[in-house]
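In the two assemblies presented below, chain A is common to both, partnered first by chain B and then by chain C.
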Partner chain A sequence: MPEVSLKDTIITSLNAQEPWPENVKLFQPYEVEQILLPDNASCLAVQAFLKMCNLPFEVEMRWNAEFMSPSGRVPFIKCGAFVVSELEPIVQFAANKNVSLCARLSTEERAEMRAYMSLITNVLVNAELYISWVDQDTFNAVTRVRNSSVYPWPLGWLQTRSKRASVIKRLKALHWHDKTLDQVLADVEQCCNSLSQRLGDRDYFFGTPTELDALVFGHVFTIITTRLPCRKLADTVRRHDTLVALAKRIDEQYFKRP
Partner chain B sequence: MGTVHAKAERESDKDAVGSGIFEFEEPDAFEEPVAKPSIKLNGVRARVDRVHVDGLSRTKDDIIKSTIDELFHATDFEDVILRAHKVRRALDSMGCFRDIGVYIDVSSGPGATPEGLEVTFQVKELSRIVGGINTTVSENEGNLVLGVKLPNVLGRGERVAAEYSVGHRSSSNFNVSATKPYPHSTLTPVLSATVYQQNHEYPWSGYKLLDRGLLLDVAFKTSPVTKHNLQWEGVVRDTAVLSKTTSFKVRESSGPQMKSVIRHIVTVDHRDEPIFPTRGSWVQFSSELAGLGGGVANVRTELQAQTNRELAPGCVVQVSGALGVLHDMYGTDIPDHFYLGGPATLRGFRQRGVGPHADQQALGGTVYWASGLHLYTPLPFQPGKGGLGELFRSHLFLNAGCLAHPEEAGLAAAEALTEARVSCGAGVALRLGRAARVELNYCVPLRARAHDVPAPGLQLGVAAHLL
Partner chain C sequence: MASIELDIWRGEWGLASIDLECLKVLTYMKFIGVPVKVREASNPFFTPKGTLPVMRDGRTVLTNFEEVVTYLKSLHYSTDVHLNQKQAAEASAFTQYLRDKLYPAYQYAWWVDEKNYGDITRPAYAKALQIPFNFYYPSKYQSSAKAMVDALYGEHTDLKEIEKTIYNEAEKCLKTLSDRLGESEYFFGNRPSSFDATVFAYLAPLVKAPFPNGTLSNHVKGIANLSRFVARISQKNFRNVTDDYNRANCQKQSRGSQSEREAAQFPHETRNKILAAVFAALAMTGYAVANGLFQRISGSSWQRTLLLNRLRIAKKHFNRINKLKEMKAAQGERT
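== the complex of A and B ==
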């Protein structure tokens, strides 16, 4: 596991106050043949966040993005001499440079936003991991093929095996591994319910775009657009029209290709 | 005729159990037989009637028979002694026995001839299982090493050895190897297979490696001084960065990779000693082809040579050189590169301190050359002469070398290799057994280039092979 020393943290926070540089790069796995559902969701969420902040960046795809990342998870950004991975540290990093989407939110609203964000990490991310690695059909037809696509035989098989073991270990620790698919879908349903209730008929959760919108967009958009043998997850999410509408709105506003 | 008691004094083979690390030089008494003034041994006609080998239990007879066979061809007494010694050595090198005593007596009993002798070898077989436990300290980690050896498993010199080491920073290394010698076939091949897992940290380059692999090796000799190794190695290596501040260049090469390598190493050794030789030369040429399967394909060749000459007793000049070329087809990354600098190669520079760097971290190169000129002398005033002092040498050295990555620098290889780095200095070297040596030197880098990391002053190095 990557080590983060206190020294590194201090250096990062001391030097991070310079303005946002020009040549920021976002590293992620290959979108077409490699990336998996949970990774794709978090990469999309980070992209959406950076676009909402109007911070310029370039996407670069690497087969070993996961291993280059200091936390072992994708995506990560390279900003000058710094490498920062995953959405929350990146939000923090941008805030250090005085770029923030939730500056006008009250303390309660911020706490609420945090709560919803952790709801998503606890439910949607685990559900995505469950579908990708535990559901046999999806694992055999999609995950196994995509995860090993960048390695020569038999390394692909070894890597897939060890990654599956570590995901299952994580899910077991969170008591998700013993759930049936229906229980997982029920959790997702509940999560989506509370999200769409909070969203109501507003355009964004807190009036203007925040990192919560970016995170919801990343997950909802990925789940409804990814074709998997098990369609139940996509169907469950798609029933929540307001969330789907939010995802489409963000896609059109920020990801519209010219 | 009385009994000649040929007492075996030489310490057994260097890898035999119990041989000390500070092993003293012992003259090979039997290489040049000292003729007694009164008796001329080669004038005494003799033939060997019988050979006994006492103390065998699980060692198979056929292998012993073929080893001692040549004793029966002796014609005079000197010949018997020489051959008996040769057989003793051969038995020793099988690695099955602990103490080997040789007794020669006149033969008696039925079938004895007038000039007949009986030779008795008294051997003690090594126990079935030999274990060891010790601690080592490497760059920044203390390790506990557990070792188990099964010598002579099947009775014909086969060995199985396993070693497991745990470091206090929770890195664990192990290797299990099985060896099967064929001492009486032509070319005396030795087959071995090794499974291993190794952790290595390279703070000078900011990465660490976790290697898991399988190594198959055939070693054979085409002449007494020419040794070949044919190897296949399949390895999965996991590269990871050491810290958050590691250069991005190094970070880019992280991730698991698989490599399949065919390697040929030929060594010609004419030296009288591997450590502190006084005469003779040594050449090693290794060529590697990676890419039959796996995600890394390259061709890598390396040549190392050394020659020694004694100017005055105890005063030896040594010239050594090395050069290497790596040609990348695909997937070749920082761990595959050549590195130069440090106490074992180009003294006066930090470990890996020569050549391309990014943020003070060595990236290595694809071509290099290095050379060294040494003048070895005994310690000044020769303290401990003939004893402890023989383990030490003082030396003056001059090193020169160059490492480059011409593809990246956009230069022609020949042009890139003209940027020589030079250093000189003096120091003391200590022999550790027959395998390694320690050096403490005062170094003065004379010529360095931009990005190099010179390390003037005192430098300590331990290595099996030093330039």
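== the complex of A and C ==
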């Protein structure tokens, strides 16, 4: 494995020399007619993170963003010669360019932040996937229509089918597929409880904005603003006022339309 | 209160159980000191979900750690009362963190890595199981672990790449855990909590099992405060298990250094030789019979018997003729 780590270090050092370029583009699916709940949440989280860092970027919508991404998941950014996808690698990438939101945190606080980020990716993301792809009403009324909207007729059907199979495979592997909706909601409730306990009555989790705030904003804001036939998920999250207030605060501060 | 029963996978290498989930439940029960009757199950076929551990208390049958914690809490057994709400939130976040980052690596090291699976995992589980089941369950667990790794890291096509990614994440996770633990005795205050049981269950098998391909366990062993944490908890709660194992190990080593080991092996050696000889003889005879090597001998002897019979009959006739001749001669003399 030495040659691999050598390659990594070369990339890192090359990357560190260059400042943040002007023409960074963030690729994501069409927001109005195509994007699904889980994808939308992660795209919003990345946007919030980049805005918190004051890094300029342009949003570019492509119907096939998912297939352009190196990891197969949206969103991804194109920054000079580099293509980086998903929040965690993007945070790492920005940190290599000396742009970081958690530089002043102690090691324990950083450990805590990573744990809470895992909590969200493990519970909220899986719950979103569950609602979108496993819950029959939502799947039929929303997910199927939106996911196949960009493809011609037989292809849309096939693509939805294969994507659903892969999502279900993932949920099965994580033992989420055999849960009932109520158990999923109970997990979400517990996750939100933990988050709002940690947040308390502060403005941000660690005083100033961090990537954890960006991630929480992405998920909470998307869940409470997306209209779905199954309203239970949104209701569960909306009961936690501090999280909703945090999402609104970040929305006003960073996403205010001129 | 009816006594609580717990069925688990048997232990090995100085562990109370070889399985992560069993070890979690068992450690937690040791922490709170609830009276429990532990049984080493030899077959998970009749359990509710086809997995172990299974906890039974009267009519209540529980199969996973979270349920057990909740149930024991309802009986007023809990280790988490000294946590405030913020700490409880943190504990649940860290539990998910381990599940997210360390669990795939753990499953990879135990089941997906072919060398470890062949040398360690499969023999250990096969030893714990009864005869028809030990052909079925290890490969079943392996395929479910493979499915999980494939579902989570399916975007990498190469297994080497997957291994590198998983172990990298796990290493970062272990580093984070070690930062969080620092030099304190337990993760939250100076009393054990359910989170400590979880961490111990993840780390102890990695420290104690002798993996041939030990990338992950070397990461754990390389972090001083985490290996001290494991040693401390197993010393405190599983002293009899570790002591038994150490004693057995010492005996084996002292024997191994002398020629006593040969003496101990001697009867087996003779027995094996005799068995081998008998088997070889049987096999050769069988082969010979099957190929008709004995047919000529047996055929000729049959013919010989026929010949002898004919000779005997001829002799009888001859005797009778002689007798008749003598009688005729005697009659002729008389007349």
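Here is the rule we use: the second predicted complex is superposed on the first by the 241 of 258 C-alpha atoms of A that agree within 3 Å, B and C clash if a C-alpha of one lies under 4 Å from a C-alpha of the other, contacts with A are read in each partner's own complex, and residues count from 1 in each chain.
Rule of thumb we're sticking to: contacts are C-beta pairs under 8 Å (C-beta built on N, C-alpha and C of every residue); 3 or more make two chains touch, one makes a residue touch a chain.
Everything numeric here is computed off the predicted structure, so don't read it as measured data.
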In the superposed arrangement, which partner chain does A:Ala173 touch: chain B (first), chain C (second), both, or neither? second
Of the two partner chains, chain B (first) and chain C (second), which one does A:Ala186 touch, if any: first, second, both, or neither? neither
Of chain B and chain C, the chain that contacts the larger number of chain A residues: C
Looking at the overlay, what does A:Leu155 touch: chain B (first), chain C (second), both, or neither? first
With both complexes superposed on chain A, which partner does A:Ala165 reach: first (chain B), second (chain C), both or neither? neither
Of the two partner chains, chain B (first) and chain C (second), which one does A:Leu195 touch, if any: first, second, both, or neither? second
Between chain B (first) and chain C (second), which does A:Val59 come into contact with in this model arrangement: first, second, both, or neither? neither
Going by the contact definition given at the top, which residues of chain A touch chain B in one complex and chain C in the other? 4
For the complex, give me every residue of chain A touching chain B. 2-5, 8, 11-12, 62-64, 66-68, 70, 78, 81, 83, 151-155, 158-159
Listed in rising order, chain A residues that touch chain C in their complex are 1, 4, 71-72, 107-108, 110-112, 114-116, 118-119, 121-123, 166, 169-170, 172-174, 190-191, 193-195, 197-198, 200
List the residues on chain B that touch chain A in their complex, please. 236, 239-241, 243-245, 248, 251-252, 254-258, 293-295
Seen from chain C, its contact residues with chain A in the complex are 85-86, 88-90, 92-94, 96-97, 99-101, 144, 147-148, 150-152, 154-155, 164, 176-177, 179-180, 182
